[in-house]
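In what follows, structures are represented as structure tokens.
Okay, so chain A shows up in both of these, paired with chain B first and chain C after.
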Partner chain A sequence: MDWVFLSELAINGALTGLLYSLFAIGLVLIYKASSVPNLAQGGLTMVGAYVVLALARDVGLPLWLAIPLAAVVMFGLGFGIERVALRRLAGRPVVMILMLTLGLDIFLRGTTLAIWGGTSRSMELGVSYDPLFLGDIFISRIHLVGAGVALALFVGFMLFFQTRTGIKLRAIADDYMASWSVGISVERGVGLSWALASVVAVAAGVIWGEIQGVDQALSLLLLKGLTVAVLGGLDSILGAVIAGIILGVVENVGADFLDPLVGGGSRELIVAAVLILTVMIRPHGLFGRHDIERV
Partner chain B sequence: MQEKVEAQNILSMNSVEVLYDNVMLAIKGVSVQVPKGEMIALLGSNGAGKSTTLKAISGLLKAERGRISRGEITFQGTDITEALAQKRVEMGICHVIEGRRVFEHLTPDENLTAAAPRGMSRSTLNAEKDKIYAYFPRLAERKNSQAGYLSGGEQQMLAIGRALVTQPKLLMLDEPSLGLAPFLVEEIFGILQKINKDEGLSVLLVEQNALAALEIVSQGYLIENGRVVMHGTAEALKSNSDIQEFYLGGGETDFHNVKHYSRRKRWLS
Partner chain C sequence: MFYRLSGVHHADYVSDSRIFKVPADRNLTAFIFLIGLAAPFIIPSLYLNSYMLPWLIWTAAALGLNLVTGWAGQLHLGYAAVMAVGAYSSIHAARFGVPWEFALIIGGLTSSVIGSLFAFAALRVKGLYLALTTLAMQFVMDWVLTHSPAISGGSHASLQSPTLALLGQEITTDTGFYYVAFGWCVLVTIFMLNLKRTGLGRALVAVREKDFAAAILGVNSFYYKILAFATSSFIAGVSGALLVATFFFLAAPEQFSVAVSIQVLAMVIVGGLGSIIGSYFGVALILLVPGIVNGLVVTLSDGLGMQINVETLAHIPNAVYGALIVIILLIEPLGLGKLYGNIRDYLMVWPFDQFKK
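Showing the complex of A and B:
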């Protein structure tokens, strides 16, 4: 057994996993407020990346300005989605809202295709691709940057949920009716959670866009992001971070063992197995809250 | 003279009809007045329309696809029949909904924070919290545990405390005694009475436990089948033989002599 190689796989797996977490945090934010997995999070991530590119390339702004500006635009878009589409669905069965998010994802993909076409564009963040060695272990710089962004967002949101606005959002997640009864604006809370998830989508879009190029395939991140969110418990940000690391490591190390046996392609199988087994064995995930039953 | 009477009522509800899903008539012309600073009870059996009456006043009907199809509600002289629930809370109407419904995954302290009105300063919020903890010392002891694991009585106290953070002028409570031990009911009702006296808070109390309710309120309304069928002072209601028989229990102790066939809710027909 080559321990150096194994730890390299594990560490890079963990870093990639944190990039999944970066995506999954957006899912968790919306799930917390609306109890719906947002199937359009992939679409939002893709749009986030396109908006950054539009501002940087088409308008010609420097990236350090284009990214925050895109975050502002997406923040507005998130609020808009709640205002235009979701508010009408308040009180309807959850499956309707789920279908709405699916429709939204298709719509966003179609829109970007119509405006920017289907050719992959590069983000050109300017992160060096020179190998970074930690002892004998090779680490990708962009993955390291992305993992840092994911952890920073994690800490940021943990702090945010202790503020008064954050507490109100958690209250909304607990009980709509009780929230209305004390004058909390549930509609605005849900809007805010969509807005924040859209900002997270910009971060995920920039990092993933740098790694795999900006095109409609970015929206397919949803599958891995959803797996991470489900494993973490859908409504736990800490869960999303830890589940991301777990999935990344299992996927990277597992694929290295399995690929020679099955002749490649085992990555997807591992992700699928994790998703299916989580739902079967532990539906509320690692850190999801169960409904409290007092005895 | 008429105007003076109006001014004394903090809440006035006139011939209000409520429709659910545009078809089901839940209350059929209910009129209730709450005089400023008094405690009023709405009594009646299950499904009589008591909760619907409260939801009509707090604006929570909308969340259950109900609407006021006739009549009007005025609060401090302002027509609120069409106002949003959030607006009504800002005006000073707070509704402690049935079944306690605390934010289970938050701590009691966070439950209170969540209800803080927009723009309430941190120091005002802390002062409000201190006041609530003084009324409910049990909550103070457990303010950092998870609200979902509080006992039933503590959760009811928290639900009331949470409503008080909104600084209401009219507090409405839906079945606060439900599922609680008698000594807890007594404790909570005692605290409500104290808050009513100390702060002049008007209270509209919905109760099936008529015995406990009539001990603390000044007037009561009896609602059956979506209509007000009786209204009087607490004293008058307590001594009414029909009320004793059907809502207070124990009107007759000698069960051999109870003539069940002859006693029915005559006011219903």
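Showing the complex of A and C:
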């Protein structure tokens, strides 16, 4: 057993996993506030990346300006989606809400590709592709940057949930009826959670766009993001971060063992297996609340 | 045409539990059935083959999903995988030399067995978590399909379907294919229409509404959930096999990908959960409208002399398809079946304005 190689796999897996967390935080924010599983997060991520590119390439803004501007645009888009679509289906059975977010996902993807085309584009963040050496271990710089962004967002949200608005959001997550009765605007809170998730989608879109190019494949992160969110407990941001690291390590190390056995491509299989096992054994995840109705 | 409820009085249970309680409904159904029978002589063969046939087969498939999602209330995001099991096992059986009649049944039964695996997830969790589990299972099935050349047919990952032959007749013409699809769709529809009236259908509805309330009534929800998954999987399997045998002619893993699962669910939900006529509408809308809109866009842009990017054109149907799902859900969350029901109820008592239930 080559320990250096194994730890290299584990560390890079953990970094990739934190990038999944980056995606999953968006899912968790929305689920926490409104118990809506946002299957359109993949589409939102894609839109986020394309908006950044549109501002940077087509308008010609520098990237440091384009990203915050895109965040503002996406903030509005998230708010709008909640206002126009989700609010009208509040209280409907989960199957309709699921379908609505799936429809949104398809719509966002189709519209983005219809406007900007499906050719893969590059983000060109300017992060060097030279690997970083930590002793004998290779580490990808962009993954390191992305992991940093994920952790920064996590800390940011932890601080945000201490502010007055953040406390309102927590109250809504806890019990929206009670929040309503003490005068918190639940609608605005849920809208805000969509807006914040869309901003997170910009961050995820930029980092993942840099890693794998800006194209349709960005929306395929959904399964991994969902797995991370479920493993961490759908309503826990801390859970999303820790589950991301766990999934990243399991996937990277597991794929190394399994790939020679099954002839490659076992990552998807591992992710799906983790999702199935989590739901079967511990549906509320590592840090989620225990109020899931078992059959 | 006035007040079609006129003279309709149900005085005993037998007449009250008929499939069609109002003669007007029965007559309309009979009329549509006759049109369906005569379709090959009315509709040009191109449309018959590229619109009617997939519409009918997808409707049969959607009705199967409606059984498990609309009647039994279990979310299912892995339906295409179950269809794939049926398609591949039938075609392998047919290639092995089994007559098609049996090959289709083998496909259906294999699907039932594999589809019942999905039910074991439903025994543990429900709602969102069931949806996620079935989604993950779909990914597992996709993976198995694409990674086992023995199933998916070697290096090109496509499997040629042998010529369809039923009752000793080789079927090669468009009309023949159409009648096979029509027959299957009618069979499934009759099954679903009768399901409502049987104890099985009522038990499924009881499980959907509240499983522990069903348990108090003496309905074993475990048993009925597995039964619902197995039955719907049988329909899925045969539909998948027929789809390949009469429409695609080649089976490839991407015909049964996650996107297809989502598409069938969209058909069912846009049509209306638990609505049979709704499934017909839902499939028609999801399957046909994006193509029609694209045709319109092309005509419009040609007419206005605009140049539309090829890539834009390629993605417009997708955007329209997503928008359709969202718009229908916002306008009428109960689906097109409910819209049809409203119109029917209105016409039923026209020129009066009260529909007494």
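We adopt the following convention: the second predicted complex is superposed on the first by the 290 of 295 C-alpha atoms of A that agree within 3 Å, B and C clash if a C-alpha of one lies under 4 Å from a C-alpha of the other, contacts with A are read in each partner's own complex, and residues count from 1 in each chain.
The criterion applied here is as follows: contacts are C-beta pairs under 8 Å (C-beta built on N, C-alpha and C of every residue); 3 or more make two chains touch, one makes a residue touch a chain.
All values derive from a computational prediction rather than experimental measurement.
In the superposition on chain A, no contact is made by A:60 with either chain B or chain C. When the two structures are aligned on the shared chain, A:135 is found in touch with neither chain B nor chain C.
With both structures placed on the common chain, the touch criterion links A:279 to chain C but leaves chain B unconnected.
Annotation for chain A, partner touching more residues between chain B and chain C: C.
Using the contact criterion defined above for the overlaid structures, shared-chain residue A:110 touches chain C, although it does not reach chain B.
In the superposed model, A:94 lies in contact with chain C only, and not with chain B. Residue contacts after overlaying the shared chain place A:126 against neither chain B nor chain C. Once both structures are placed on chain A, chain A residues 292, 294 are touched by chain B and, in the other complex, by chain C. Chain A meets chain B in the complex at residues 91, 164, 167-168, 170-171, 173-185, 289, 291-292, 294. On the side of chain C, the complex with chain A involves touching residues 69, 75, 121-129, 131-133, 135-137, 139-140, 142-143, 146-147, 211, 221, 262, 265-266, 269, 273, 309, 311-312, 314-326, 329-330, 333.
Chain contact summary for the complex, chain B toward chain A: residues 58, 60, 63, 65, 85-86, 89-90, 94-97, 101-106, 110-111, 113-117, 146, 148-149, 151, 162-163, 165-166. Put simply, chain A touches chain C in their complex at residues 37, 84-85, 88-89, 92, 94-96, 98-100, 102-111, 113-115, 117-119, 223, 226-227, 230, 262-263, 265, 268-269, 271-273, 275-276, 279-280, 283, 292-295.
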